[in-house]
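You will see two complexes here that share chain A, one where it goes with chain B and one where it goes with chain C.
Moving on to the complex of A and B:
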């Protein structure tokens, strides 16, 4: 069965009330999101936010406890060849066999993937100046990451999932790896989902943002729209959240004034703003950090309140 | 071939930075009608940015009728901006530098200079309105 978007296009990725429980603890719960085809999506969250749980369910390594994943309209089933073939994956530690040569790794890739594109794999490492006969253990960290990416691309999968691909790399290797990713994204209308806890660099790489914390999606959508929908307000300190336009996400109080990141459109600001209040645009990093620092209003135990009774985002203020 | 750059600390969205650079280069004569802009892939790899950002910038340039896509060939500059003549530009720059020195001697800091220029500009605009 194929699921279509409102505008008729099939999203590259859709998760529907996806959840995974480990014993009594939910690693991820109620995760509903969509990534359109051709996007470069960032999945941001602190450690233990549920990022790896989500990614492993997307690539078909982990069976969901509830809900489902679909990739280009096809429902994924864990551990099936169809699911595994539709998603390319670059794991965090770039696992390659140390005593294999690059050519051996490609041989393995060809044996394991029916749609393997040997020419593409070979051309990529050639362009990077990595000899096919070099053993994996003699490659630098950056080269290992690039070989892993070449292998994921050679699978010819339309969706590529990269789990913290640059966290182990030095700044130059990091840049070269991302250069590779950005060029591939331009090449073939691929869709990328990249997890990261390094927020500062993401703005230039990603056009779609997903913020995950405490096992729940806090924010998701097109990065430009999300930026445009938030403001940094400077108001007198005594101003309660309830008097601010929109929804207060994060608040910093000084002696006489407060800075509040609010989710509010221009019309709300115009209607509810007061003279003397200052409204500034937010940066990508401010936006992500505000949502990551937001106090959690969700429960992670086994039997959460129904969605309608759950406290709204505005009810729990940041401690003053 | 024209090359873009990106200022990570400017706070201006990356796609707008690309648009500004084309506009500015047209005014300064670094870009002329008929010049081909680099491909989306080349800009994405060169600047290490999301190719969709480049697409968005090129779309904006097309919307402003500064550039146009030719199928299979790339994106080309279509506007004829009248660039500032080099001599005029040199003269203007010299008088601006003299003015900035005078402002500095009078004790104006960067912020005060910027504010003064903004106010003067606004007043000039008002004068022009009949």
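Moving on to the complex of A and C:
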């Protein structure tokens, strides 16, 4: 099993046929994906798509039922210091101890992480005007998110996993939080994996996209390449999918026209396009929505489109 | 991890110290008056001379004044205190992390959860042992005059001296830690731990303890007019010796546990509760380790 990308570099994250079963129900199955070093990757999917299950296995909080995770080429084993040290984690809702002060939280970080960077943690909250002596229960939601992020960064792990980091924040705090993430990613050459069920939150910030639903990866790859490889075609209503260029991902029929999101390169469009058809670029959100509404296929960025389609091994999987 | 444990439990530590301080204040006041009465009535000399038979009036006066220290009403309230201490400290140890979602924070630092748990259990258990020993010392000291009259086998004395008080606290703590992991909520875990703790405690007290060792029998003189009494004011016991534990009197045959079995009994009973503690905490360690494989 190779640990390397096609170009020989070690991916920040690689999961190989990763699966997790809860009783008889698979929360996630057959999840193979890679995130290159330095990427800011968006993990998008509806609630209960298996996002948290996937993230917990990546962090080392949860043991996979099958398959494995490797972080920078090192195979992870759940609940071991080596695995835990490689990943910084901001959990959903930013859990912190309510009766601790910010300084106490950082003391905890220092006590529980050998590579803790106290200066970094202190500098971050100082820059945001969060007093070190303030109790966690008196912080705003945005401040708690920032303290959680500061702790994850100060752990000095090369991969950071953020689970729904902004879903509990107001729009201004969302923007500030994501800007901070981007600045950290640029400054320290970190790799981020950020989950969200709201696509628009991540659109401006992420250069890598993973769409997960029903416990399966629906789409994964560099965001720009994925956008470039899809078109929104407006065609007469009667046009069957078979006549369209590339692969029809999602189709909306109106009275006279059909709007079809297709996966097709420019050459296919040029060759198979007809007069009167209109081909528009797709937005991040349209792309994600199209794949989320097509629940049982798997496509990865480096596969040619038609060959990539194969049925998921367990189409009845119900996420927990 | 030591700092983390201290920071998370320091509120409980302070509450325990406050409890200990309140107990000490009560003990000093009560003990002063007990010791004064004991020496004024010259009970020491009487006890040495005649096991208390020579001074019934002085014994009665003392027991009338201080008998409530060892009566069953006092005992039935004091009985639950070690259990409450144990479940209050143990119930939140894991359950609060699960309740508030902070387990994701606690267990995603560079410390595997089994080590996190081991350090916490070791330190908190150590603290409870210190607390139990201190409470035992204070209680043993302040009731010393009473003990010289009644021996150490009365419920309200035996249960708060020697080793068992600490063992009771630890057992309730162990049950509550395990219940917290299984139930995932602090208050229900405390209740769920307290009930079996109390049940086991009462069964051991009333069913098992009289038979920890084979009782002895002795022929007494229990016919009229003197008779043989059981009561806590009966000094000395029907066997004629202070501190013997009379289990039953059948005609003139007195079945009893001799006073010098106090320490063997303490070791046996503390052993039972420490074993239960170890079983509960061992199960907790194993379950938490396995938890990564079962569920988030």
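Points worth noting:
To be clear about the criterion, the second predicted complex is superposed on the first by the 292 of 320 C-alpha atoms of A that agree within 3 Å, B and C clash if a C-alpha of one lies under 4 Å from a C-alpha of the other, contacts with A are read in each partner's own complex, and residues count from 1 in each chain.
In this section, a contact is a pair of C-beta atoms (placed from the backbone, for glycine too) under 8 Å apart; a residue touches a chain by one contact, two chains touch by 3 or more.
Nothing here was measured: the structure is a model prediction, and the numbers come from that model.
On the superposed chain A, the positions of chain B and chain C stay apart, so the two partners fit side by side. By the touch criterion stated above, A:53 is placed in contact with chain C alone, chain B being left untouched.
Partner contacting the larger number of chain A residues, of chain B and chain C: C.
For the combined model, the angle formed at the CA centre of chain A by lines to the CA centres of chain B and chain C equals 140 degrees after rounding to the nearest 10. Touch criterion met: A:186 reaches chain B, while chain C stays clear of it. Using the contact criterion defined above for the overlaid structures, shared-chain residue A:261 touches neither chain B nor chain C, since it reaches no partner.
With both structures placed on the common chain, the touch criterion links A:154 to neither chain B nor chain C.
Contacts of A:71 after superposition: neither chain B nor chain C is touched. Of the two partner chains placed by the overlay, only chain C lies in contact with A:113; chain B stays clear of it. In the superposed pair of complexes, A:232 makes contact with neither chain B nor chain C. Between chain B and chain C, the minimal CA-CA distance in the chain A superposition rounds to 26 Å.
In the superposition on chain A, no chain A position is in contact with chain B in one complex as well as with chain C in the other. The residues of chain C lying in touch with chain A in their complex are 1-4, 7-8, 11, 100-105, 107-114, 289, 292-293, 295-296. Interface of chain B with chain A (complex): residues 6, 8, 11, 13-14, 39-41, 44-45, 47-54. Put simply, chain A touches chain B in their complex at residues 38-40, 175, 178-179, 182-183, 185-187, 203-207, 224, 227, 281, 283. Looking at the complex, you find that chain A touches chain C at residues 22, 52-53, 56, 59-63, 78-81, 84-85, 87, 89, 91-93, 95-100, 104, 107-109, 111-115, 148, 151, 155.
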